[in-house]
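Have a look at these structures, which come just after this line.
Here come two complexes built around chain A, the first alongside chain B, the second alongside chain C.
Here is the complex of A and B:
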């Protein structure tokens, strides 16, 4: 065997591999770009009454939304914000753009360094890793946040978001960023708000097409009065007023000993008014009603239902187009909807934090975006503290037989809870 | 030699190896400069690649915005105090550049020495290839910074291990004994190991230099590819280790056993890397497997795990190259020959007593 001729081919081989690599890799990465909210663009809404109008916004309209957003918010590499948005531009600069660090070691591009692989460039929760995670990473665009100190429908405060970033979300893949400096966390929170306000503005613009008059000819007015005063300002105001919406938490009742409080809480948990048992189950294992979706998945489920209702009908061309658009969207712009199970309360893993105060907020206001309702309307603040104490006792309440709670539940109104569950199952 | 020697007592076989390695020394001088330089090059390149891996882990590539200078200084004249006492990112990136330049100089010296010493055409051309590769790699590194482009970063990350593989091949071949041996039966199998290991590094680089605009389905495919090739590499390493287990080619046996061990560790490290980077893949795990605490992002231990995974990948490639050369029957390394000397002496004494 001629070893030398064989081995002299080796450098050529290496050169060929190298050339191949460069050839395949030579298309440079395009600059980062925001993506349009395609799910919203094709969603059937109440305003879109005729079936033919239920197709996507026209390409022209989608282009107009993209143009307006670029003018108002800039690009992922160069964010801009109008003063009305109430955001701090220097913090955004620190968080936006590609990752780079300067001579004193200060890092820019923090969002792309720490968050983008889960939450995506647009903050749509469609980062590369999203499909592997359960729950999915948060889509900030509707401006809905779960773990906060404010009333259900209100925005989180700056401090709430800092808290989430600092502690992470236990039981999910959202990590803790406790090792970042406070300045960095601050900048990231500002950027999350930026992406939220941008996403909410996009939603508002897209929905506005269905309130246009005929003389508008399907185009949004591109005036300051409309874009800033009518669209942006109300959104920014909600963020600015978050601090006013913080829940008033009274002192825990001091005159009652813990065991008595837990017993009261237990009664409320299984009782009619709080009715926690309906979802969290008679055992507290989270095995009650488990077939609901969160708000993000509901959007997709709604479109799927629409699709199912069209099956078997004679379809107009517009409907065919809508169905094709929908499948495109599902392929690249949306994640498979998933049901959201009520929490297993016997594990003691609380995503919004395990301080009694955190649980008070959760029970008072419910979990925005999730089926978990606010208890505030039906039970008093003092009673909420009893429920908090009972919930906190649940992980330690195991005496070898979870069924102990069942008899308690039967005494109270579990029959009603189960009946309610059955009706909603259908 | 090995096949022909089959059946001879171990002591005699070792003696043969030893004669071979002594005979080789009789070139121009007692010093085999290409052999020394190639070892130095392997060592420098290993540190260079480790720095490169750290640069990627800490996303420090853009810590120095200019190239080929560093903040306006000639690279070599950048103040030492600022480099060693400056920010971590700057330390990594500038260190990576200094090591790269050093590797380039050593590679050139090696190529020159390969034309002055009687090393044979194989080593000569390989040394030239090393110079070409290191120059291309340097330019790619510069382009990565000047264009700030992730695609270039990916190519840069793929060329590095290729250069490392060449330096390792050089280090092994400059040590090879004079006798020409018959390739062992396991050669064709063994030769696939470095190829697969390199493919795995290419797949891994796609994940480490992930374009943030990658969609979930594409990421899914990338991860699937990386896991699949990983399993292929593992299967190959185990198969080669099994095939050479009882072989008289002790070098092939030893190095393939090492490869199997490294690959096993790498599989575990790969899983740990996922968790360190992305948390638990909760969508594919049972619900009971939730961690009760959030993982702390960007911890030192996470950086160590992730970087070690990349470095071990390069080591597997290097060992794969050694295995392939050893299985070709050409590479009984110095490490094999030296214990042989000792054993020969012991064997002789035994015979004399």
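Here is the complex of A and C:
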């Protein structure tokens, strides 16, 4: 009896020890490290449809980029920043490194506590949960942000990023961090900027290899003039000047009649100037031009198309190796591209915020990184307010009688608009 | 009894080993390791700024006068018919009366084999003859097609992006963050504020088949080969070496650089060559044959 219970317990014990060993590993955990942007290293160009084997960075060039970045930005545990980067080092300390507390009530390592599992240690949007989320978490490295109060080409202000952290992003997996203290949110925003500036510097360095002259022998000049003045400074300047690029929003007309404004907005929505209907669809359900990609996915789509087009060609051994490497990189360092559907405006869920002001910003400047174009200049500020009012009315749009199927009511409502559009087309 | 114990042990080991082998998903490719000494040395240099100010790569002007460069690109293979594009939006306008749109990225003249839309530009110019013109350029679209397959402007020169179609478009210039709605019959003015390294693509998100390219340079030394393949650059600085970059949308070279086999010009695989021109010289590079393989055909 006793021998039997012993012999059946022993394998369990051994398996448990084995599992424990596997979990802890055989060597101490290596310190957290930033990852190189491998997709860019293997095709360093902004125009991803003109990629070629000979432009891929060599191992030596990848090492040079990693060395420069480590010197300029440090590591995830010990971030450093040059004064030219315009970042606040004390805030970075609060956000960086492993989760720990040195003073009672003060917590460090906020990024790794709250953000890293989705946005990744490098801010590449490739955290362990990323593949399971829709939409994917933002990759900060290109320095492009969607929901902001500034003109399309400009960076978000500090306040814009605080706003996103405070409210979360409705309709996505991004939660609100309103329970953190303002100091903590501030520190996280600073760290996001740090990861962005680092990522943009990496892109600029990798793309610069092509600009080198032959006498440079494929090596970037390691001088302060080049690294700081030519590469880092223009990137940091864009971030520093974001506050000057805030969109000037005029007050909506004081005597605005809401019903009339909604009617005007509707005309603009279906009309040829604002042309919202083309993408958001005649029903406003986001079912118009819906097979486009955002800029993050588009790069991967273009690369995949280019690789597919090379598949049938006669290739040199070096090109074969490059394509194989590329597939390895895409498998591990890129997420499956997804199309970006235009927003369904009948749901009343607005990712960039539901205040009328937020909608105004979206229509005025478009959405950077997404296909949504800017309407400013094409329609007047007053007309943008009309569109805002119409868009805000869409979730509650109901012309039918009680008991009538709502979708039928929407269709009949739209049929009139369509007929009007067809007459204007002719 | 002993045997069943061994069996369950074996089973546990196989189970754990299987988990290990399967792993947790695709493996990410590791970048190269970095030497800590190299990082420390570089950080010291950046922090202290002790490095004596290295000469920045400003091209010194050494010559005088002006010269021209011309030539003609011809396609080395059999001219192919451009592919018809899939037009599935706004067909009432975009495929009106059975009109077809064709891929504009490879335009070869059937009779002369001239290759259009090859871009030749100067990488760094030491001096420029004419200041940036203040007059507006027009970048138009009609019949759901951009009218300039390759569009050139100088940095600081206003560009009127127009729409001559009865339907609305948007014009999205990559790398510049210009993405603006262009209403029917209307326009929007864009003033490029920085140079494009290589030409960047211009698209319309409403009509995904529309595609063109844009080149913005400070010096304006940009030539685009015409329908018969010929190009000419004028008022180039004479008496000093000038490096040219050659590009084509379909080139298989790095970043679209068009590498040609021209040993006399030392034409590189990146699509670059260096020439020193005499004052008032009109240098003719003659007929430059572009093999089909260089365009991925």
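We take it that the second predicted complex is superposed on the first by the 358 of 426 C-alpha atoms of A that agree within 3 Å, B and C clash if a C-alpha of one lies under 4 Å from a C-alpha of the other, contacts with A are read in each partner's own complex, and residues count from 1 in each chain.
We adopt the following convention: a residue touches a chain if its C-beta (ideal position, glycine included) is under 8 Å from a C-beta of that chain, and two chains touch if they have at least 3 such contacts.
Just so you know, these numbers come straight off a predicted model, no measurement behind them.
*Asks:* For A:331, using the defined touch cut-off, is the partner it touches chain B, chain C, both, or neither? Pick first, second, both or neither.
*Replies:* In the superposed model, A:331 contacts both chain B and chain C.
*Asks:* Check whether A:167 is in contact with chain B, with chain C, with both or with neither, and answer first, second, both or neither.
*Replies:* First partner only, chain B.
*Asks:* Of the partners chain B and chain C, which touch A:41 in the superposed model: first, second, both, neither?
*Replies:* A:41 sits against chain C, while chain B stays out of touch.
*Asks:* Could you tell me if A:80 is touching chain B, chain C, both of them or neither one (first, second, both, neither)?
*Replies:* The answer is second: A:80 touches chain C but not chain B.
*Asks:* May I ask you to decide whether A:260 touches chain B, chain C, both, or neither, giving the answer as first, second, both or neither?
*Replies:* neither
*Asks:* Regarding the shared-chain residue A:178, is it in contact with chain B (first), chain C (second), both, or neither?
*Replies:* first
*Asks:* Looking at A:301 after the superposition, I want to know if it touches chain B, chain C, both of them or none. Which is it: first, second, both, neither?
*Replies:* A:301: touches no partner chain.
*Asks:* Touching A:221, do we find chain B (first), chain C (second), both, or neither?
*Replies:* Once the two structures are laid over each other on A, A:221 reaches chain C alone.
*Asks:* For chain A, what residues appear in both contact lists, the one with chain B and the one with chain C?
*Replies:* Dual-contact residues (chain A): 3-4, 7-8, 10-11, 14-15, 18, 22, 126, 131, 331-332.
*Asks:* In their complex, what parts of chain C are in touch with chain A?
*Replies:* Contact set of chain C toward chain A: 1-2, 4-5, 8-9, 11-13, 15-16, 20, 25-29, 31-35, 38-40, 42-43, 45-47, 49, 51, 53-54, 56, 89, 92-93, 166-168, 170-172, 174-184, 186, 188, 197-201, 205-206, 208, 243, 249, 251-256, 268-270, 296.
*Asks:* Write out the stretch or stretches of chain A touching chain C in their complex.
*Replies:* 3-4, 7-8, 10-12, 14-15, 18-19, 22, 35-36, 38, 41, 45-47, 49-50, 52, 54-55, 59, 62-63, 66-68, 70-72, 80, 82, 126, 131, 152-153, 207, 210-211, 213-214, 221-228, 272-275, 278-279, 289, 291-292, 309, 313, 325, 328-329, 331-333, 366, 368, 371-375, 377-379, 425
*Asks:* Can you check the complex and tell me which residues of chain A touch chain B?
*Replies:* Those residues of chain A that touch chain B are 1, 3-4, 7-8, 10-11, 14-15, 17-18, 21-22, 25-30, 32-33, 98-101, 103-105, 107, 112-114, 116-118, 120-121, 126-135, 167-180, 331-332, 335, 341, 347-349.
*Asks:* Under the touch definition given earlier, write down the residues of chain B that touch chain A in their complex.
*Replies:* 59-60, 62-63, 65, 71, 86-90, 120-122, 125-126, 128-129, 132-133, 136, 147-152, 154-155, 158-159, 162, 166, 180, 183, 202, 210-220, 223, 277-284, 287, 290-299, 330
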